[in-house]
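Given below, in the form of structure tokens, are the structures.
One chain, chain A, links the two complexes that follow: it is found with chain B in the first and with chain C in the second.
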Partner chain A sequence: MSVLLAQGVEVTAGEAWTFWLLAPIAVIGALGMVLARNAVHSALWLVLTMLALGVFYVVQSAPFLGLVQVVVYTGAIMMLFLFVLMLVGRDAADSLIETLRGQRAAAVLVGGGLAALLATGTYRWLEGTPAAGLAEANAEHGGNTEGLANLLFSRWVLGFELTGALLIVAALGALMLTHIVREPGERLSQPEQMRARFAPGNYPAPKPGPGVFATSSSNTTPAKLPDGTASPRSISPILPIRELTAAEAADKETER
Partner chain B sequence: MLSQAPTLADFGHDTWWVIIIKVLAAFVFGVVMTLLGVWFERRMIGWMQVRPGPNRAGPFGLLQTLADGLKMAFKEDLRPRGSDRLVFLIAPCISAVCALTALAVIPFGPIVSIFGERTPLQVTDVPVAVLVLLAVSALSVYGVVLGGWASGSPYPLLGGLRASAQMISYEVTMGLAVVTVFMLAGSMSTSEIVAAQASNPELSIGGATLAVPGWYVLLLLPTFVIFAISAVGETNRLPFDLPEAESELVAGFMTEYSSLKFALFMLSEYIHMVVASAVITTLFLAGWRAPWPVSVWDGANQGWWPLLWFMGKVVLVMFVFVWLRATLPRLRYDQFMRLGWKVLIPLALGWVLVLGGTRVAQVSDLSRSEQLWLGGAVAAVLLLAVLFWPARRQPSRPSPAEQVAARPPGSFPLPPLDLQVPPSPQARRAVAAKRTAASGRSEAEPAVKRPLEGRAGTDPEGGEQDG
Partner chain C sequence: MPGPEHYVALSALLFTIGAVGVLVRRNAIVLFMCIELMLNAANLALVTFARLHGDLNGQVMAFFVMVVAAAEVVVGLAIIMLIFRTRRSASVDDSNLLKY
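Entry: the complex of A and B
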């Protein structure tokens, strides 16, 4: 802020209000993302932070960047995250038992170190850069979006093409790792299944239930076919076929 | 005096009460269009299915949706035990808020005077307004996905999963389709896209210049088709309403919702349809600009009249949405994904390439003959590719009669395929009994025999009794 004020850039009241309203929300979202037990809640907190960042970009006169942030990161990438989380299941809450000793302390240390490194590096890099002002930078190509497009498609075009190729290679690699080669004919199509169902030798109607026309209603008693024989299709293959013997089926003098 | 068509510079200077009026008007537009949209859809589908549709509440059943909304408000608000309390509550709110937000960047008309204040008939416009629409439609799917997840039961979860996959694939198509609009209009602001469609570009064919109408539905017909299809996919409307497919998933993501939360989902679904119609109108049908026979009149594009043309176009596009729903069956999920990824995205990408190449050739300092040579070469390559593309040979299908004849012996018995219903044995017996009784009384009784004689070929018993 002091750097900006030293160069005489005015911060309007609306911008200041937006910042002081949304900055705490962004920080709360970041903290909630780390602290939430449920993975989906964690993702939602991250969405909140990303939306706040998008609004910040818009307020900083970079509407294209802000909206692309919302469309690409919030709209597509976080949606993919949610998709995977929902596929994994809703009870996949993180367990808080530390499996590696001292892992948390090391994570705090390394994370803080990385943040400090990035911050000081960026500061040192930008320290002596003369600020031309947004109006002058935009005037060159007629607008913010146009200037960005010009940079992307001229100076940085190779970098972006390489990044795109890298992403495609990564996606193809992931596909290759999960791909299962199927022999032709291994998987029957719907018409083939239908034809097989009505082919001779297969009975397409529902199978007879166990115990139909039988001497007992037990699940192990097969149904009787019209000619009186037992139908092996009517009982589960893991159950042995068991007909009552003549002695068992005989009148036990208990009915009276 | 300000010009009638607003430019980006005309936005952001309104006094506070004008802003409030415009925001409220957009909100009321969304809600009223939902009320009328539900009625319109039910009446239209009723008309297409030759039945009256809702016609009890109010004139022509206009108040039916209002009555339904009131009924929903007084229903019991249920929440399943396994649900996620907070997310279950905010999911419908996200849907409704995002759907309504999109109305903020839709241009309803030119600069008008509201109580002496001159202001564009649009809540606001930004240099990237179409991206706002895309972003908002991307966020509104969160409502569907989270609603499905938070319900804590399988059908809604499946609906939510489908919604997320559907949204990602169809938003890519939508984004690629609007790129061509940006290329032609040279802007991403909705008001400027409307303004760009006002000019009639001149096409010179062999010396004669021809003024082509500037509507992008004509200039960018492939884009229009791709965008319209993906808009149907994005709004979860039939034939692409897989997230709530009632024949597969009960009601999909809305299964566990009741009362006002369900009403919010319904509201957002219909506002989505209205917004999609308005976006199609803005991007391809020249927004509020008067259509050709009316545009001859000078006052057609001034004052409040354009609101009428805009509404007319929106209702027309909504009618097409309803028409689609009444006509087409729902796609299977894999067919839907194949359409999105294997047909629409490559088409959109190729069209962007073609249009980009054309633009580059136009602005480059090539001579006329060189441009023609270049275009001819590209066309020849495409033609060769189409001609020599390895086509999969379709085996000729045998006719149904041949298929039946080819069935191996012992196959499952088939009903008659010529749609001739064999006479029921019961009826035959009754007729035979009547005839024996009648022949005992008198000799001539042809009235009963006639129909049986006509059917003698199919009836083996009839023949022998007649003889």
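Entry: the complex of A and C
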């Protein structure tokens, strides 16, 4: 430990607490995302994982990336996911039928093996390696954000410009893909709607509400015309028309 | 005390969970979220390596990954919307017209 401290590594007790508290939460969020049947629940589990990762960035002396993680990932990208989920796949639960037989079990098996190999391999490779720490690099230009800006606008300025172009192209592409072209004349104009309403054979006034002049205010009761017959225009066509017989309509003497 | 090895191991774990999710799930949007998880795991590894080497370039890489992920999500979700509009389904198993 004294060797690590001499190397300037900033692993404190607070960071240890943060890690051992949030690492299981991040893993639980990831597992919950994969296992949740409902896609909206998946998105919310992923938000949990991303928030935990944002805290890890801040702890690892990357406060700018931590804030970008919260604002861009959980704030913008995941909310975009939720918007699209509400429009598209909200009720689409995954089918339990496998297209390839045994694919899920094989995937879990291979994934478990890969996780064990990767995690133990990197753990053993890096175990005990002293971290140089970013205190010096961050302090060089007065802070983490300033240091990142210095790199972005000098060494990586071409990549920065290219990602800017990429974002514009992506926004235009999304607009082009989701745009619906409406032919002129596809939708009736207001004068056309008005002429159709007053055309001969059409009744221009509002339809009678259900239950008007009737003994009940239920919307399954037809409106009565002034001559006492039921108005067919007040009845939904999907409802079967049924008149009570005299015996059914008679007083059952249930109230005394 | 958590050192870089713990963070990288966690990152490997999250990456594999995302990869298994891509293999197991059928809903195209959930697949996309699994890919986002894999990108995030890679970002965690990049930030850890930046701290390990005392070099801010790793954080710049993570920043670029975030920007590209944002662009990718926008276009990907637009494509999913387009497929849903024509096929009324967000399941990747239903898009099999090119198979025959």
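Rule of thumb we're sticking to: the second predicted complex is superposed on the first by the 132 of 256 C-alpha atoms of A that agree within 3 Å, B and C clash if a C-alpha of one lies under 4 Å from a C-alpha of the other, contacts with A are read in each partner's own complex, and residues count from 1 in each chain.
Convention: contacts are C-beta pairs under 8 Å (C-beta built on N, C-alpha and C of every residue); 3 or more make two chains touch, one makes a residue touch a chain.
Note that the structure is a prediction, hence the values are computed from the model and not measured.
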Checklist entry - Is A:S42 contacted by the first partner chain B, the second partner chain C, both or neither? => result second
Checklist entry - With the two structures laid over each other on chain A, which partner does A:V68 touch: chain B (first), chain C (second), both, or neither? => result both
Next on the checklist: Just checking: does A:L80 make contact with chain B only, chain C only, both, or neither of them? Give me first, second, both or neither.
Outcome noted: both
Item to check | Touch count on chain A, higher of chain B and chain C | outcome: C
Next on the checklist: Once chain A of both complexes is superposed, is A:G143 in touch with chain B (first), chain C (second), both, or neither?
Outcome noted: first
Checklist entry - Looking at the overlay, does A:P232 come into contact with chain B only (first), chain C only (second), both, or neither? => result neither
Checklist entry - What residues on chain A does chain C touch that chain B touches too? => result 64, 68, 76, 80, 87, 144
Item to check | chain B-facing residues of chain A, complex | outcome: 38, 40-41, 44, 47, 63-64, 67-68, 70-71, 74-76, 79-80, 82-83, 86-87, 90, 143-145, 198-201, 204
Checklist outcome for this item: As the complex stands, chain A meets chain C at residues 1, 4, 9, 11, 13, 15-16, 19-20, 23, 26-27, 30-31, 33-34, 39, 42-43, 46, 49-50, 53, 56-57, 60-62, 64-65, 68-69, 72-73, 76-77, 80-81, 84-85, 87-89, 92, 94-95, 99, 103-104, 107-108, 110-112, 114-115, 118-120, 122-129, 131-134, 136-138, 144, 147-148, 151-152, 155-156, 159, 163, 166-167, 169-171, 173-174, 177-178
Item to check | Touching residues on chain C, where the partner in the complex is chain A | outcome: 1-10, 12-21, 23-30, 32-34, 36-37, 40, 43-44, 47-48, 50-57, 59-60, 62-64, 66-75, 77-82, 84, 89-91, 93
Checklist outcome for this item: The residues of chain B that touch chain A in their complex are 84, 87, 126-128, 131-132, 134-135, 138-139, 141-142, 145-146, 148-149, 152, 157, 160-161, 164-165, 167-168, 171, 175, 188, 408-412
